[in-house]
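Two complexes come next, and they have one chain in common, subunit A, joined by subunit B in the first and subunit C in the second.
== the complex of A and B ==
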């Protein structure tokens, strides 16, 4: 996951010997040094970038992904920070044990003190002593629709975040940089809301049954046909919950004797589904095609462990956009590998459907590939469609099989009718079938916002992870105290951000994660950027040593590339 | 300072994760990486070895600034405190930073550090007899539990539960 030490600022895939030979598929070209990018950008005339083919034509557009290495001083100081917090944690635990300090966390009753302990004190060390101190940055209750701006209920704590009290104030108009509202469909006005309200009056809110019994509405059938058309696949099936889509359908597809090759940073739903299935799981390094190819080769050559029989199935699990890193999967290479080694591909487009691609059809559209190459296309309606639920798309036989064999289809309640209508309306809007060009504008606005925001942040000198085109923007904080400080300072300035630390990220790589939206106007983004700039100076977050030459008076266009001075 | 032999431990990480998955290990709610023991990653993180050495250096400077202790005593103290700390955190407190896979790069680092410290201490104490006995006993107490044969072994039933 980490780039090679040596100061290279962009990902450079390690070219191990033996992975590439004559006549075989070569791994896709990556813009590994920005100097080369600048030269190539200068060489290719403006406007022709989209059609530059590189390296056998696998990538129709340049793939710019960068994960700048942690500066050594910052890493050492982060450990010092955690060390100090740990020491104080031990001290506070000691005080709590000897009743010098009030003990807020759960303990057994007096009568049960001699039993086997119910609460594992040591395992909750981190929660008790680190997480609790900055807990006010999470679980903030919002009381309006999570659009570009949101209202947050103000709360106070008088015992250092062990309990909260609501002051009764509502902080209005907080700029929302945390909701997965990529296309701006989280609204309570407009055609989607009117359609959903109409259907609510017609069908009610509950379905009261599963799809197999009597909960299969005509709306569900309509939605599934629409989803299939949207994705470009033969058939699709929808489920009530995105997490349950993954965790309940992977066990239906693979079982014992099958092999799952899963990316290092896959979401918990994919991991849970893989573990529930009982298949053997092997993990390849994040977005690293050499690692994946090596695993595929070893799997086919050596077969199952001990018996050496061939695997029944090999399933590659990847995501479209990884929401913690902001990276996009190298789909052309994955598909090339899958075809070469005859494996199956399961693509989880939770964050990328609607958010990537010129027509918003996801990462397959973004790379200009054929949807039939992906065997199982999974996605959720939660992010870009402003609804809830998930879908799986693929060949008709696959979907028919899943209708009877998936736990989610057989036991879980089907989607609620107003939610279905919201999805139908928003999907038609994105496809342009509602007669307006609103969908196309939203998709374009999101792409512009993404480029602009990422570029401005990099110019300011923050370390930003991920791909140039990904609307998920992680800004590195590193030190534990800065996690709390950043969240609170931004809220003081009326901007709501999501900050993430250990264990959701590696121990030193805590970050703030911005999710851009088509609902954000340029003014909103400029306000947010100004505040982030201020907070960055206040907290000294501008770690990047690869400063960008700032944009001059060039109007925004998609052909601008980074020029770095090294 | 970045550890070059990171790749062998990664290959082992793959194997151990396969083993873990085949055993059907518990769910990790709220974690990014699908591994059972996040502590394995911490020892391979960027800058941790440098921080470790700096921490020992800081302790050394703190001890040196106590006015009435001589240099040999300081070095012996550093050796003893470091080994005691290592013993407590790695061999008393339960939970595995290695998850059963031997000979990782961080394991080698953690074995070599007390040995290097021992050499330096022996030099600065001018091989005095009492210091030698103390330092050697302390070194043994930290090296022997690291042997692969002693993984999971509990002598006299101490710390069994």
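== the complex of A and C ==
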């Protein structure tokens, strides 16, 4: 059933088929190069007909993004797996209820037993009976720099993961495929660390005030000027936490009577910000431009529900790289739609800033677009810059408005000075302002690592989601039992990976996720790949039949979109 | 007989026809034709009108003009031009190029430029670098985080503590982790903005009670009890929470915790306590408002505080029983979905806790200083002091408003500016006027720290007095 890994004949149609994702004629967005290959592939995949026209299009580079269909048998087995787990869950709840099985979880105080229960029982069923079995795969404590290799504190559980004991041993030199250290700036030596240390000694760790009161340091101003220059926008503002950058600024931009069009896979912080804003939220299918265009069209034509007034403004929320899918936003198309329908665009570059584009300026740079076409450029410093916090960049009016109206500027403590300095030095390094070409090399190294790693995994026969240029690489596991098994087997082989299941993914699409880094050397990657290959055989994870389904061919149901009005 | 009469009528009709004028006949003829036309014409369809053609849709799309993304901000907006602090924001602060004594940063214990705290942070920086590059779940948990959580739990004498990487997000994430749609939250009107956002995210029913008014709270609880009796099935699944602050950020007053605890057991509502101002300030050991009143910490379901004030680091924490706190590790949005706290900031917080534990006398010193300036600021004509005498952050409000908020703000800003030029750094308490549920009146917030000497406190008080008199009279 599974094709032999590595065969060149398997690979070619796969790549070409991925290209077809652009070959959608209605909007005329088409990849210019290798159109012939795409056409050939379209012909090969007899079931799907794609019209490919060569008209230059909006994409300046190939856009290869694919999501292989879940094999039917695997899907059925996955559901059976969850069924068995649920049945056993009920059985064990029954046993716990009658005190046959020992209860490990914390309980309510005796004095408050007659209060309304703090949790709904079904809420915890999943945690108690499914998550608890494989809990050791998350929150693994580390005790070193989260660089290419990391030291993990060994822990044991004697009560089936209800509690952990630290053995005191340290698992040294675990290959780190989990941290978002895209450009390798998570380091405890070098110029960034030295600069941060200097500022720490001068300024101290905290700020003890908000930006609007007395917590606006000269360092903050310096950082904001640099960020604006880095992004190629008029002005920028920075905040103390990436999550809060979204949740505390979206409400400042839109409100009642406005419409938010949000990708279905947007991060929790965007969803929270959208909800707090009081605007109406409509969800479009992940990265699906037909779905987005339909929502845009309907919104303008039909106006607000019930009152029938036109919307005050429409804000599209998208991410640069989606952290669970490894997909890259179809930014050229989004921008074309946004212009056509006069909507505003909010682009969250949490994962893509630094990690994409020939100069590391994120997804706008990757597609060779003009940053001015994006109304709100948001991103975080947590990932590529090895620091913490977030920013928003855009026109000067926008930033002036946020300086006066952002929740964060008024009520939240500003960025810690040493963290600011880390961002400044790492950003200057990427821009080449430190007088070296180190930053540029990092960006190139990451792009190379990404392509290499993704190609090798595909050759091995795994189902890999996402764009071939995305440093976030999801490897599909599907079955719940394999989540735990994969995480543990990899750690046994000294590789730290992230595994995710429901509710972070759809119920049957459990996956492992690798995050590549410029700090990974070829040897490290080869070691990791060798082990993944072995574990893949051991756990029978090589599901791929090399029949890639382009994103647009994922089922698209026109009638299903949620509407939330608060 | 009958037929004869009928015939006669017919004859009469024919006769009338002859006698009628021609125009009359023509008119009637036209009318008859009109009726026939109406009867046979196509029926009128409602449906036809509402379906838009593609062209019409395009026109509508063409026609629609959105509002600008943001409205322009005038150049002299009071919040647009920030003060610029050069160098560290510690006891002596350089604001807009002028060296001042800091009466504005929440650096209550003076730990911001404490060499021990800096050394601890530096050691951590050299070991771990700056960022964590991941959320707690995915290799973002460092041993320092576990240490800090353990230390905080031990310090507060609770079972467990959980840390967040941002002070604001702590309570704003904690509330919606427990309180869901349909639950009821009783909250003080003066509650800070983070609480308001947490409540909004929870989508629960919110009942506001008058600031620190236990009777008003009890009235609401009673009302709810009556409501519950009407619908006991719903009441069995409706959680009730009371959300209060220890020392209120917006008023500087303390919450009447003993009475609230009584109400808690009487009406079976859980208490969430926000202690950002009172943690590391109140009580013999700085454990906050529970220690201040001598209340067992177990009576409070959840305590949240930030580490950005007394601890002079960044981030926040929640503590309480494991039964309550552990839930946030999967349900606290700001915990799960955000990168974890940079280890150097966690290390700074640990060292700050060490210092607090080693010098419990520091809290009495702070209290004494608060009382000193509080006393010295009484009796300024035109300004009133709002807040407890032991609160290290309290407000100076205008005794009488000029009638417009804008003018009040300008007056107070003038006082702040003049104090600043006389080397006393102060700031107004800033609010988003349109977003606040119950907007507090404009005020200058005075912050007391242990580093301020008696002379400095006296000088600050007399400066404020003089300036206020000059500006307000």
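As a convention for this text, the second predicted complex is superposed on the first by the 476 of 566 C-alpha atoms of A that agree within 3 Å, B and C clash if a C-alpha of one lies under 4 Å from a C-alpha of the other, contacts with A are read in each partner's own complex, and residues count from 1 in each chain.
Note that contacts are C-beta pairs under 8 Å (C-beta built on N, C-alpha and C of every residue); 3 or more make two chains touch, one makes a residue touch a chain.
Please read these numbers as outputs of a predicted model, since none were measured by experiment.
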* Asked: Counting residues of subunit A in contact, which comes out ahead: subunit B or subunit C?
  -> C
* To do: Name the contact category of A:324: first (subunit B only), second (subunit C only), both, or neither.
  => first
* Asked: Of the two partner chains, subunit B (first) and subunit C (second), which one does A:83 touch, if any: first, second, both, or neither?
  -> first
* To do: Return first, second, both or neither, reflecting whether A:75 touches subunit B, subunit C, both chains, or no partner chain.
  => first
* First (subunit B), second (subunit C), both or neither: which does A:367 touch? -> neither
* Asked: Can A:264 be said to touch subunit B (first), subunit C (second), both, or neither?
  -> first
* Of the two partner chains, subunit B (first) and subunit C (second), which one does A:507 touch, if any: first, second, both, or neither? -> first
* Considering only the touch criterion stated at the top, classify A:280 as touching first (subunit B), second (subunit C), both, or neither. => first
* For A:272, select first, second, both or neither according to whether it touches subunit B, subunit C, the two together, or no partner. => both
* Asked: Both subunit B and subunit C touch subunit A; at which residues?
  -> 268, 272, 275
* Where on subunit C does subunit A make contact in their complex? -> 52, 57, 60-61, 64-73, 77, 79-80, 82-90, 93, 95, 102, 104-107, 112-114, 117-118, 121-122, 125-134, 136-143, 145-146, 159, 165-169, 178, 192-194, 197, 200-201, 203, 235-240, 265, 268-270, 298, 306, 308-309, 311-314, 321-324, 326-327, 329-330, 333-334, 336-339, 341-342, 344-345, 348, 425, 427-432, 435, 445
* To do: Report the residues of subunit B in contact with subunit A in the complex, numbered from low to high.
  => 1-2, 10, 14, 17-18, 21-22, 24-25, 27-34, 38, 41-42, 45-48, 50-51, 54-55, 93, 95
* **Residue numbers on subunit A that touch subunit B, as the complex places them** => 2, 5, 69-70, 72, 75-76, 78-80, 83, 122, 262, 264-266, 268, 271-272, 274-275, 278, 280-283, 285, 295, 324, 502-508
* Structure fact -> The residues of subunit A that touch subunit C in their complex are 106-109, 111-112, 114-120, 127, 131, 138-147, 150, 153, 176, 178-181, 185-188, 192-193, 196-197, 200-218, 221, 240-244, 247-248, 251, 253, 267-269, 272, 275-276, 297, 300-301, 310-315, 341-344, 375-376, 380-383, 385-388, 397-398, 400-405, 407-413, 416-419, 422, 496, 498, 566
